[in-house]
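Step one of this worksheet: look at the structure below.
Order of writing sets the chain letters: A, B, C and D. Residues in each chain are counted from 1.
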Amino acid sequence: MIHFDNVTKVYANQNRPALDHVSVDVDKGEFVFLVGPSGSGKSTFLRLILKEEKPNSGAIHVAGKDLARLSNFKVPHLRRRIGCVFQDFRLLPNKNVYENVAFALEVIGKPRRFIRKVVPEVIELVGLEGKAHRMPDELSGGEQQRVAMARAFVNRPMILLADEPTGNIDPATSIGIMKVLDRINRTGTTVVMATHDAAIVDSMRKRVVELEDGKIVRDQSRGVYGQAY
Amino acid sequence: MRANFILSEVWIGLRRNLTMTIAVIVTVAVAMALLGVGLMINAQVGLMKTFWSDKVEVSVYLCKKDSPFPTCKATPKGVSAAERGQLQQQLGALPQVAQVLFEDQAMAFENFKKTQSANSILAQVVEAKDLPESLRVKLKDPEQYQAVIDAAKGMKGVSTVIDQRAQLENFFGMLEKLRYAALAVALILVLAAILLIGNTVRLSAFNRRRETGIMRLVGASNLYIQLPFVMEGMIAGLIGGVVAAIMLIVAKVFLFEGTTSAFAVNSQLGWDSVAEVITLTMVIGVVICVLASFVTLRRYLRV
Amino acid sequence: MRANFILSEVWIGLRRNLTMTIAVIVTVAVAMALLGVGLMINAQVGLMKTFWSDKVEVSVYLCKKDSPFPTCKATPKGVSAAERGQLQQQLGALPQVAQVLFEDQAMAFENFKKTQSANSILAQVVEAKDLPESLRVKLKDPEQYQAVIDAAKGMKGVSTVIDQRAQLENFFGMLEKLRYAALAVALILVLAAILLIGNTVRLSAFNRRRETGIMRLVGASNLYIQLPFVMEGMIAGLIGGVVAAIMLIVAKVFLFEGTTSAFAVNSQLGWDSVAEVITLTMVIGVVICVLASFVTLRRYLRV
Amino acid sequence: MIHFDNVTKVYANQNRPALDHVSVDVDKGEFVFLVGPSGSGKSTFLRLILKEEKPNSGAIHVAGKDLARLSNFKVPHLRRRIGCVFQDFRLLPNKNVYENVAFALEVIGKPRRFIRKVVPEVIELVGLEGKAHRMPDELSGGEQQRVAMARAFVNRPMILLADEPTGNIDPATSIGIMKVLDRINRTGTTVVMATHDAAIVDSMRKRVVELEDGKIVRDQSRGVYGQAY
């Protein structure tokens, strides 16, 4: 599903690469934890999958498509098949919770009837029932994160990328979120999740890829968070 | 991509960026109204010029008895009817001349009284027999008066040749200046409008770069992202154009009709030319807005 | 709160919001230039009016021998020198009259030839003795001609009374229209400018609301937060004013000097009035910018 | 230092209070963890201390001053004595790391010489040496959080408020951050920290105030994160 082949990414005006000759294969239906210290390149890895950034060298294939050869015109179609929870949420500040979630469906032209049915279900799934008409700045940090979560998987994407989806959520809610992610994963969706939450990684026992200074230092199939803790 | 979703996005955009929208409307309205006034002044001046040019003739005055003009030395008894007929023929044969009419002393006196009405005293002191006879020469092309004047001056029995155009030249010079000034101001304003609108659209895009960035990451196509901006620009441009049209109609009624009647000119700018000007400014306004939107967005909304 | 830190913030703000800054400058420059032209037209029209008003006199024509005017029936032999002196005294005694001068036939002929120069034929046919004598009445206040005319008309030996003002009324009417049109356009533009600048400042504040919010939370005082905006507005206003001033000087040289010389009027707008207009527009421009900034920020930058 | 007396806060257009009759006393030099599920009112509690929001009823005293009576004119002076790490970082996007940190000092009129000395020290303290000239959007999430941290305590505030300062940081870096906070606390600064990180709370053994639905449900002097985990 996701193939990184010797990928190097150096941001403009930086000398140290954010990703350094990284090669990974993620198969369809896998659940992968991306761990590593702050600044090790986890978010960069996810951004490359979305073609939000372009690699300096190496090839990336997502869903069978070579991203380097994908025309700008086709990029939106790729992104519609990938759900993404961003580290900084990226909610539309002028739309309420319902509209933010519905937006991901409206963009891809789903009929209104379908939207009306699915969106409330997903909002309930992340535990925000009754807050559908709040604006993002009327929500707590964790609530915003859950809206981002809902938006990412409302259109049942093939791949779900999650950048620290539990960073601002209390452990109890986190477990709820992880259960949802697990359920989504079981329906066949590939999940890649960057996280610092040792407890979650340890309890899930899924594949763990560890980055350090842009290099892969560990790739374990049923791993734990790591030694540091 | 459902049409009514896009329309609702446009509507939300217009309302949310109300001050933006108003700014574009005001800019378009002011610039287009002034461009329109410039074009109307231009048309009006053109009209007045042709109106006057049509009226203008070259007056060839004939020698009277004992006329003190040096050119009349040859005909001390004045010009006879035969000589006059000959002159008339000679002038009519010139390629530039359309028509030659004879104005006798009675007609000259009539005309004199008409034009001198403001100065009623003169009308009392001048009698018909004091006035010279003349041949009124109408030209095919009013610009080519010089050749006719030169030709007429050399003819026997001609006391003096007066081109009424010379008397109007000052007036026309001023009108021309007015026309160029109006067009120059209008042009500056249109440039300013392009700058301001481009700027406004850019700010609008900049303000919403977060939103558009999110749209892109969620998989919205480029067209989908740009359409609301361009349509907002178009709608604002249209409204601005309508406001400008209203201002132009007001200008036509109060300014132009007033001024031209003061000039005692019945070469009024017709409603058809006003309609033309309004259509033109409206189209320019909308095109400016759409172009400014597109060009600006090119830079801001890259994938 | 160090001054050079604030200045560097202002400089960064101006550079970062370059398009904003340019927008404000363009808006101020265009609006102020047009306001200036409006004010200059206003001043020019005023000048021309007083110039002409000063020149204008009421001409009281005296009866000649056998004058056909019905009012001259009483003096079939014309007005004698004694009667003329009496008339002169009577007119001089009127409260509105400043001076009464006598114009004899020779002077009348001179003036006639001067004003009729364009129509050289008339100068040939009219002789000094054909022209009537007149008393030229200068008024203290040119507006109060009606009373003088009424009084003079009833006096014995007066053939007719002509107020030159009546002849200029049409011309003045047009000038007045021009003046009001120019001021109206200028006013609309100033209002548009206030709207546009207020809008631009608001957008600028809106763009930086995150920044200003952070400043507030870090403990920056209100003055500290608002000062850069206001100073940016002021500087942009000043630059716009300078551009407007240049445009006004160009207008003065090319437009006004050209037009007024076309009117053969030596009542040229002096450089001192231009300087006055420039100062005025500059002050208005800066004040508009600063006020627009302040009022807008009040709403946006609450604690 | 911080006294909440029966404070209730209901956000505009909301029916459920975000804080519900809360009374707490935090003494000078104390270290308090604020815990509780997402949306329980932790951020609201911190915002009230900064006078970013006003309570609907009840009195708040900070550093001996009644906030209700503090004129708008005096608010900046209060804020200069409070350092704050926000949940969403709130860095100035147009200033680089150095300038962002220096800004907090420039606003209160510190001499340039002082700024040049102190700022690099603090940047090193949070482990961002060598990244002083990066812009915020050239930093990873965790790096941005550490810049916010540095800005909050560069001017040695009397009170330090921290809203999930370790939410986006890996455990190793988190421990470093906590050590810094502890050191700051030992110099006499009052620290109030909202967090979801059970491991940190458990390891520090400081006072824990637990909120739930806007009410204080626990106030323990040497507490742990809680039962949920």
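By definition in this document, a residue touches a chain if its C-beta (ideal position, glycine included) is under 8 Å from a C-beta of that chain, and two chains touch if they have at least 3 such contacts.
Every value quoted in this text rests on a predicted model; they were computed, and no experiment measured them.
Touching chain A and chain B at once is no chain at all.
Counting only chains that touch, the fewest steps needed to get from chain B to chain D is 2. In whole angstrom, the spacing between the mean C-alpha positions of chain A and chain C is 70. Put simply, the C-alpha centre of chain C and that of chain D have 64 angstrom between them. Chain A and chain D have Cα centroids lying 28 Å from one another.
Averaged C-alpha coordinates put the centre of chain B at 24 Å from the centre of chain C.
Shown for chain B are the residues in touch with two or more other chains, of which there are none. Viewed as a contact network, the protein chains form a single closed ring in which every chain touches exactly two others.
Looking at which chains touch one another, you get A-B, A-D, B-C, C-D.
Touching chain A in their complex are the following residues of chain B: 1-2, 5, 12, 16, 210-211, 213-222, 224, 303. The touching residues of chain A, when paired with chain B in their complex, are 50, 52, 72-73, 75-82, 84, 86, 90-94, 103-104, 106-109, 112, 151. Chain C makes touch with chain B in their complex at residues 19-20, 22-23, 26-27, 30, 34, 37, 61, 67-69, 118-122, 124-126, 130-132, 160, 162, 166-167, 170, 173-174, 177-178, 181, 185, 188-189, 192, 195-196, 199-200, 202-203, 206-207, 255, 258-259, 262-264. Contact residues of chain D toward chain A in the complex are 11, 13-14, 35-39, 42-43, 87-88, 138-143, 146, 163-164, 167-174, 196, 198-199, 225, 228-229.
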